[in-house]
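The structures come next, written out as structure tokens.
Each of the next two complexes has chain A plus one other chain: chain B in the first, chain C in the second.
Here is the complex of A and B:
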């Protein structure tokens, strides 16, 4: 069974290409810093050296190794992306499920909060919250991103729950005397698995971009490197105006490659597992 | 110190802030004392709106047209190529694209200036020299927002069009033997409606992106102001900017909602029947 699915999935060209890119980048982030053990914030060579054999991506304005920074940056960015996606999706699913299942006043109250979160621009909220926190570690940044971007997931989950709860099998469970919590987790959530999975992926890629945006203006992690902080330093040191292409192109290109391949991989899987979407 | 009410209890400070804000007084900036916050914001916000609104509209129109074209050529090489481009564009951050554009057009080709909203030697006026200088500074930030926003609109439009092509009324039109052009118009008009809703939902994220783009370009808008306020811990200014930006955004969302009533006859009749 598992073997059949794997063979089927790996026949989709789109999936194979995007998945290899994604796996490659994740591998670079996870194993890279161990294999290429150069300390990213240590001065190792001449400033602003072009990419060469000793410095695969060159060095920055202080002579720190950019390849080491990028490897560590991938690790931080992916970590923040997935952590925010886990927390954000969890908040959205819990609020959406309660609102959709309970209805009435609980629903109204939760939806007021959700609508406020959806209307306020996430990026502005993130900037505001991040500006008031002095020391920002990876966890804080991930939490700031997830707390500001769960609104649309709650809305979507609520809509799904509201249509699902009128289905016959839910009535059956109710007649069998199952508790609300059990119905929600055993009957409703499995039916939305693919939707929640897509939400998770979308949120992960949005969170990676949001992290880079925050870091770009100096509001990301205060210690360590993410793809955004490399761009921040490149901007502070006028890398663009002085033509230091090896400094500002790789982090952005890797960011775009990661988020794009993540989205394409997820879409390909979604199409494979829900035949209705095939061919469109 | 008295002016900022620092010694008072927090609740008192908050009540004071709300009352002052309702009177239209956002306080005094810390870093640019004694300039009033509202004066700072109102001298910067025209630049942000002047950048954001045209860029949103142009990218929305271009994205819809390109998405519709990709859907028309569905299952061909053109569609595949277009879709991949849209996907990459939709995940390209505005500010990174801005860096690439500055590098290519400003640093390598020297076609456009690399930053600023206008040359520091000129002061804002309606003279021809100022307008030309302003437009040449405007081009790169404008392009970076338009190009990276196209992807999102085009992907949405392509999907809507493909659903439309599978619907009964389009099949009926095909059986009747209507021209491709006519069928495209029908499908396009129906697909536009969700895109207008998308416009209302996406203005917020476009604003966030535009603020970051302004920072990259040192463009004299509110994004640049936010950045300066953050660096100098200018809290009255930060609060003021956020208040004004969010209100502006809510007004924009309201305008889109009203437009929707005019565009979609079903919404209109739904309201009048009540």
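Here is the complex of A and C:
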């Protein structure tokens, strides 16, 4: 069955293109820093050097190797993106499932919390929390992002569970003696696996952008590099005004490429899962 | 010996518009080894009766009063949790109305069966479960391949039979089937009916409550027939008695409305009961059938008829029957 899915998915051109871009970027982030073993925060050459053979992407205002920074940045950004997607999706799915399945007072209470989370501007909340924590490592940033972004997943999952729980097979499971928890998580959740998967991918790309946004204003990770931190330093040293294109274009382009390819991958998979969306 | 006895059972749906009296004061008995047919139009409370009999009452449905006992258990005084663990599946099983949606779409039949058996017989390994499932499928003349199929790979009739087989895995004493044949063609209907009869002959189940709106089907399988109208029982007797000598005008109407391919139907023409079942939010006072009844007199608008025995074991609720 796995084989059939893979064959089917790789027939969609959109998926092949976006997935190869994504895979390439992930590979750069995972293997890059090992192969190109230059320490990103060490001064290795003249400041603001153009891209050359020694410095593939040039150097920044302090003479640090930008290629090494980008490779490490990809790693951090992807790590944060996926970690917060995992945590955020998990919170959203658990809250949505419980609210949808239990209904009544439990549902009302959980939805009040969810609605509050959704109405609060996420960026503002992130800035507040991030500013409060002085030393922010990768894990903190990922958690800050995930705690502010699960609201819409909870709502979506709740709606789906509410429609699924009225199906006859739920009653049959109940008659078979399965507990509520088991029915909700073992019977209902797999029925909406594709939806949860889409949520996960969308959340991952949103989290990467959120991280870049936080880092741009100086509230990202305090140790190490992410794509956002490179952009932060480029902004601090006014790279755009001074035309140091090799400094801000690569991280920006990679960020856009990653998030776009994630979204396109999600759309392509959506097409595969629901044949109605497939083109002729 | 009666297996199920229900006394003055009332179950209402509480909605914002008022209470819908879907089951309103029902007394019934199901003897051991008996197939009881419950017949009536749509919206007469048949399915609600099915849920109530197995105490599957969840809001907005609520049991207002009455006593239901099955075997040695008194269901109405048991907690829902207790009922779920001790009664459902092992003592009472239901084949729901839309049995075609009753199988979870993401699991193979084998895994659905595994779920049921694993929960109730804890010390079985996979092999034993497989063998049990195979044995039961063979007994009921179901192809073994069905075990390895997903629900969408099965035809409607096969799905229905798989649901019945799964429902009766644990040899429940009472099986409630809710319109099992309504979406099937005639030859598949016959197979499903035969399967239900088979289950009883093999002693897998003892009694059946067979809910349907098709009185013609009941002739083939049921021992007793109960006619329901607007949440109440209007007539109840043995199957032959009801079909040969119906007394209540509603039962007569139901039987006359059956379309048979026989010649005399062309001569006598199709008959039907005019109007629709009443809105159960505010059912008519007096006899609930009077707005549609040919015999209705002023008396019917005031006096509510009660079930009375007109012949031996033949009960009718009509003001014109003594």
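Going forward, the second predicted complex is superposed on the first by the 275 of 280 C-alpha atoms of A that agree within 3 Å, B and C clash if a C-alpha of one lies under 4 Å from a C-alpha of the other, contacts with A are read in each partner's own complex, and residues count from 1 in each chain.
The rule is short, and it goes like this: a contact is a pair of C-beta atoms (placed from the backbone, for glycine too) under 8 Å apart; a residue touches a chain by one contact, two chains touch by 3 or more.
All values reported here derive from a predicted model rather than from experimental measurement.
Enquirer: Following the overlay on chain A, give me a clash-or-fit verdict for chain B and chain C.
Expert: Aligned on chain A, chain B and chain C fit with no clash.
Enquirer: Between the C-alpha centres of chain B and chain C, what angle is found at the C-alpha centre of chain A, to the nearest 10 degrees?
Expert: Vertex chain A, arms to chain B and chain C: 100 degrees.
Enquirer: Looking at the overlay, does A:175 come into contact with chain B only (first), chain C only (second), both, or neither?
Expert: second
Enquirer: On the A-aligned overlay, A:21 touches which partner chain: chain B = first, chain C = second, or both, or neither?
Expert: A:21 sits against neither chain B nor chain C.
Enquirer: Quick check for you: in the superposed arrangement, does A:167 touch first (chain B), second (chain C), both or neither?
Expert: In the superposed model, A:167 contacts chain C only, not chain B.
Enquirer: Per the contact definition in the header, classify A:86: touching chain B only (first), chain C only (second), both, or neither.
Expert: neither
Enquirer: With both complexes overlaid on chain A, does A:123 touch chain B (first), chain C (second), both or neither?
Expert: It touches chain B, and chain C stays clear.
Enquirer: With both structures placed on chain A, which of the two partners, chain B or chain C, ends up touching more residues of chain A?
Expert: Looking at chain A, the partner in contact with more of its residues is B.
Enquirer: Once chain A of both complexes is superposed, is A:187 in touch with chain B (first), chain C (second), both, or neither?
Expert: The second partner, chain C, only.
Enquirer: Touching A:131 in the superposition: chain B (first), chain C (second), both, neither?
Expert: Touch partner of A:131: chain B, not chain C.
Enquirer: May I ask you to decide whether A:216 touches chain B, chain C, both, or neither, giving the answer as first, second, both or neither?
Expert: first
Enquirer: Just the number, please: smallest Cα separation between chain B and chain C in the overlaid arrangement, in Å.
Expert: 13
Enquirer: Any idea which chain B residues touch chain A in the complex?
Expert: 87-88, 91-93, 95-96, 99-100, 102-103, 106-108, 114, 159, 162-163, 166, 201, 204-205, 207-209, 211-212, 215-216, 226-227, 230-231, 238, 242, 245-246, 249-250, 253
Enquirer: In the complex, go through chain A and note every residue touching chain C.
Expert: Touching chain C: residues 167-169, 171-178, 187, 190-191 of chain A.
Enquirer: For chain A, which residues are in contact with chain B within the complex?
Expert: 118-124, 127-128, 131, 205, 209, 212-213, 216-219, 231, 234-235, 240-243, 245, 248-249, 252, 255-256, 259-260, 263-264, 280
Enquirer: Residues of chain C touching chain A in their complex?
Expert: Against chain A, chain C makes touches at 56, 84-85, 88-89, 93-94, 96-99, 101-106, 115-116, 119-120, 163, 166-167.
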